[in-house]
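Note that the chains are named A, B, C, D, E and F in the order they appear, and that numbering of residues resets to 1 at the start of each chain.
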């Protein structure tokens, strides 16, 4: 079995941003994404998930390394300053590299 | 019933008391928490129920009776930000974005405040135009659009439809689930009329007041968590959150009386004008005016103006409406 | 009431109109979204409510009156795939798996279509056997089993119980939550009778129609998202989705009349035969026939046959039942 | 009605039958699963509904009539662990933590058992003090506090408020959502009285029995999953789970009669004493007595005592109450 | 403190597959798993989570490297072709290696 | 673009522990966290999420390596023995290291 290295970019942000972030991912060259609702705390204070307005969403996307860089740079430029948001990259291995 | 008795009986309604319980739960850091899906479900239910009842009322009254006051309501919603904005800029020294954001919230409306007002009217057996929820439906969006434009510095030329946040926000303001459910259910009510009402009454009318009480328990928790922010918003916004509803409410009652609404109807238009949005506006404003601090607008709308309206405001605007009635 | 008036009044029922609103919400890409738990909750509620009411009816009518038409219904469900499959293979040129999958969907039944039909009967004050929901309960599984066997090439020897997907699927078809809730609530209704009904009526009967309307709003959104797939399924399946219900519905009405059901009862059996499953069948088929393309069966069942049945089909099968009644 | 008829009619109530259906669903490994938010929502609803009705009853009866039996109920709850603990230690050879944990569960109370008992009384048209839910509210916490102290070896000096788990647990026992909703809704009911009841009756009363049935379906599934643990808990705990409710129930009925409650009221106090908590106690005990094995207390409370109480216990304690009544 | 390397295998797939995948994990030698509902998009189109039939589930399992290989190979052989599904492996460190 | 290495600590435990774990994270020096409800199975048996009492929660926290060590050690000392719980550490890269 051959495993191929890919980047997993994880973005945790205000729930209302989901659509915009997914659009940004698609424009950056991602071919899919996964999302789910989360709660949390950070520099913008506590974010409880009992109402959508104060909830967070976690968005995960597996991409090629170059796409990961684009994604993080665009997030940095367009959204980091204004919104409650965290993004990080990690290394994963997949079987079907052409899928991503 | 005089004003004081009215206020007192309003304060002892289950809806208001459950709101207080929610505030207590939040402040005492109880482990009570509503699941998110319950909140969404309650919102969907309340919007459909109000819209549907309004639609059935339009069916009975005819569109001819509705269009003029509805148009007046819509205009009022769009105009409120125009005078709110300069006040916030000049007297409150808020930034362009913050002033636009707050103006959008106060021009838009709160469905729950509206329901609390209709409950009050029912409890004192005061008749009102059942189609008044039409005003609620048409008043949600205009102020958001105007407020966002102001907050983007529309008059300084920085406003642009190519901004992604603005595009998303405007689409949501016009076709958001709030407007969609209200107007959609209204059209359904108007089409299916009394027959339709008979079939769904057991769900959209019978349990309505209790569902509202449950929803207010949750709203109380959300508002309670914001109480700590009262210090951050400053004295000016605190006063603004109390004076703006009085001014807007009086304007609404006046306009309602002038276009020929009954005492109850004029009072409802006043309550809508006085109310500040804490569902549709916050989301739209957050997307399009990210540089605005949501603590200002949300705390003012939810922790100051909303409690003021459902406790003191509702009977107060009724008093005004009574005196203005020719 | 003639057929046209019946169709028109059916189209203006809140349930159908909320379905249309859901389609509109999906097509206009509104941000309205139901939480998953709401959908599951509505499903659980509707199944229990129908089952329980049916059980109370069995309690009143006695098992003696129920078993024959129930057996007939069950047989009909299991037989429908046997003629649907060759048609799909020969005329539609579908693969073995796809033909089996679609046959399973059309032999199985849709609870919501059944409810819409009982509502129609109630709205025109036409009596029917209250235990008819028994037919709904027994018709869900047989077609799924037969369809999956066909789709696995049962006659070519490829069908095997050691296939994990098949095992899971058959267990779900026989003991899935749909069947469990329907039959379980039915048994409870039959055991607790009128007394039981009195105690839970305020939950399972009073708000039922409104809950159904809410559920149809969601179904409309699900169907609306599939509208884009109509192009992909081709003209043959489009026609199949309209003709199959007519043929199966007529067969059901005929069989119902023949085993002695009233006009209303025969019409309900027709509606069940005409309906295509979009809850139990899709899950079971997806697990056991992964090589079948779900777009075909789901789009046909949900975006063509379902809307056809709840708008035109219901009054149409009633018309047939009236004419066949001796 | 004699005891046997009473038991039989109780067994055929929808609530009990839905519990059985839930057990069957779990044992047969059906894919039926409630969303978590539904469970939480049902809990919130039931607690508010009971509390509110109790509050309205206090409004009618006056606090003067309520305080004595309520105090007696509270004392009983706090005392039960004091005799349960040594029995579990000596006869059952349980560890200090396990004995304290089980004692906490059996001193605390089960809201659903209480409701089942009021339903039984209503079904046989036996009057009772409507404010009896006050007893439920005040009996939840004391036993948890006493049991946790015992389980921490309070008398061996190991109990300490600086233990984080204990701190969290005690706070939850006193200000947990169970107590908050019950007492909060009770105060609201007492403040808003008959008027308040009229407005929210359609939500908190009309559908109540059906909602309870739905909740018991879920409880049945939870209990059913624990059936496999019956072997693990041993014969002693099995017997304890049957004998403890009988003893506590008799003590409760006696105390109730003694403080002047009606037959129905005394029986309800008996049922509360007999019931074991499976919502508040498990969470608090798990946090503060992690070394206690939750399988023991939960299986006994949920899979033995709860079914015993809602089937046989309820009519049995009524029989005792009848005979004790002067 | 000693940390031991393990593999985390993450599987995102159609919600109806949950039971089968968990069975596959157990058969491959995993001693536990974690699962939760997600939504997403990929080659099989958008998967919304408002109804179970179109929702996804994310399943995470911590296993020894050899077990990870078995899991990925079986997923590849038995499920990849027919279902909407993504699976990837990453490196994690745990304190109690005997637990996995 | 500069990416900085950080540790992601993931904790899966009984839902009732959420508040205690978050407190522990804060005390150990974390500046935020993310949480969501999950279901699963492990040595303490199956944990279904249909009622809160038997559900799990997954808590994720991005921290400096030293904080990660503190967190894992305290979990080990204070909670591992008594509760259903799994915790692991992995390597991630972030853009704004001062945030964590």
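Worth a mention:
Basically, a residue touches a chain if its C-beta (ideal position, glycine included) is under 8 Å from a C-beta of that chain, and two chains touch if they have at least 3 such contacts.
All figures in this text were calculated on a predicted structure; none of them were measured in a lab.
Hopping across touching chains, the smallest step count from subunit B to subunit E is 2. Taking each chain's centre as the mean of its C-alpha atoms, the one that lies farthest from the centre of subunit C is F. Where the sister copies subunit B and subunit C meet, the same residue numbers recur on both sides for under half of the interface positions. The chain with its Cα centroid farthest from the Cα centroid of subunit E is B.
Two chain pairs are in question, D-F and A-E; the one with more C-beta pairs in contact is A-E. In terms of their C-alpha centroids, the spacing between subunit D and subunit E amounts to 40 Å.
Inter-chain spacing, taken between the CA centroids of subunit C and subunit F, is 46 Å. Averaging Cα coordinates per chain places subunit A and subunit B 34 Å apart.
In subunit A, the residues that reach two or more other chains under the touch definition are 19, 36-37, 49, 90-91.
Among the residues of subunit B, those touching two or more other chains are numbered 31, 33-37, 40, 206-207.
Taken together, the touching pairs give a contact graph of some other shape, not a line, ring, star or complete one.
Inter-chain contacts, as defined above, occur between A-B, A-E, A-F, B-C, B-D, C-D, C-E, D-F, E-F. Against subunit F, in their complex, subunit E makes its touches with residues 1, 3, 6, 8, 22, 31-36, 62, 90-96, 99.
Against subunit B, in their complex, subunit D makes its touches with residues 35-37, 40-41, 44-45, 48, 52, 172, 175-177, 180-181, 184-185, 187-188, 191-192, 195-196, 199-204, 206-207.
Residues 14, 16-17, 19-20, 23, 37, 48-55, 82-83 of subunit E touch subunit C in their complex. Listing the residues of subunit B that touch subunit D in their complex gives 9, 12-14, 17-18, 21, 24-25, 28, 30-38, 119, 123, 205-211, 213-214, 217. Listing the residues of subunit E that touch subunit A in their complex gives 10, 12, 36-43, 49, 56, 58, 69, 72-73, 76, 80, 86-91.
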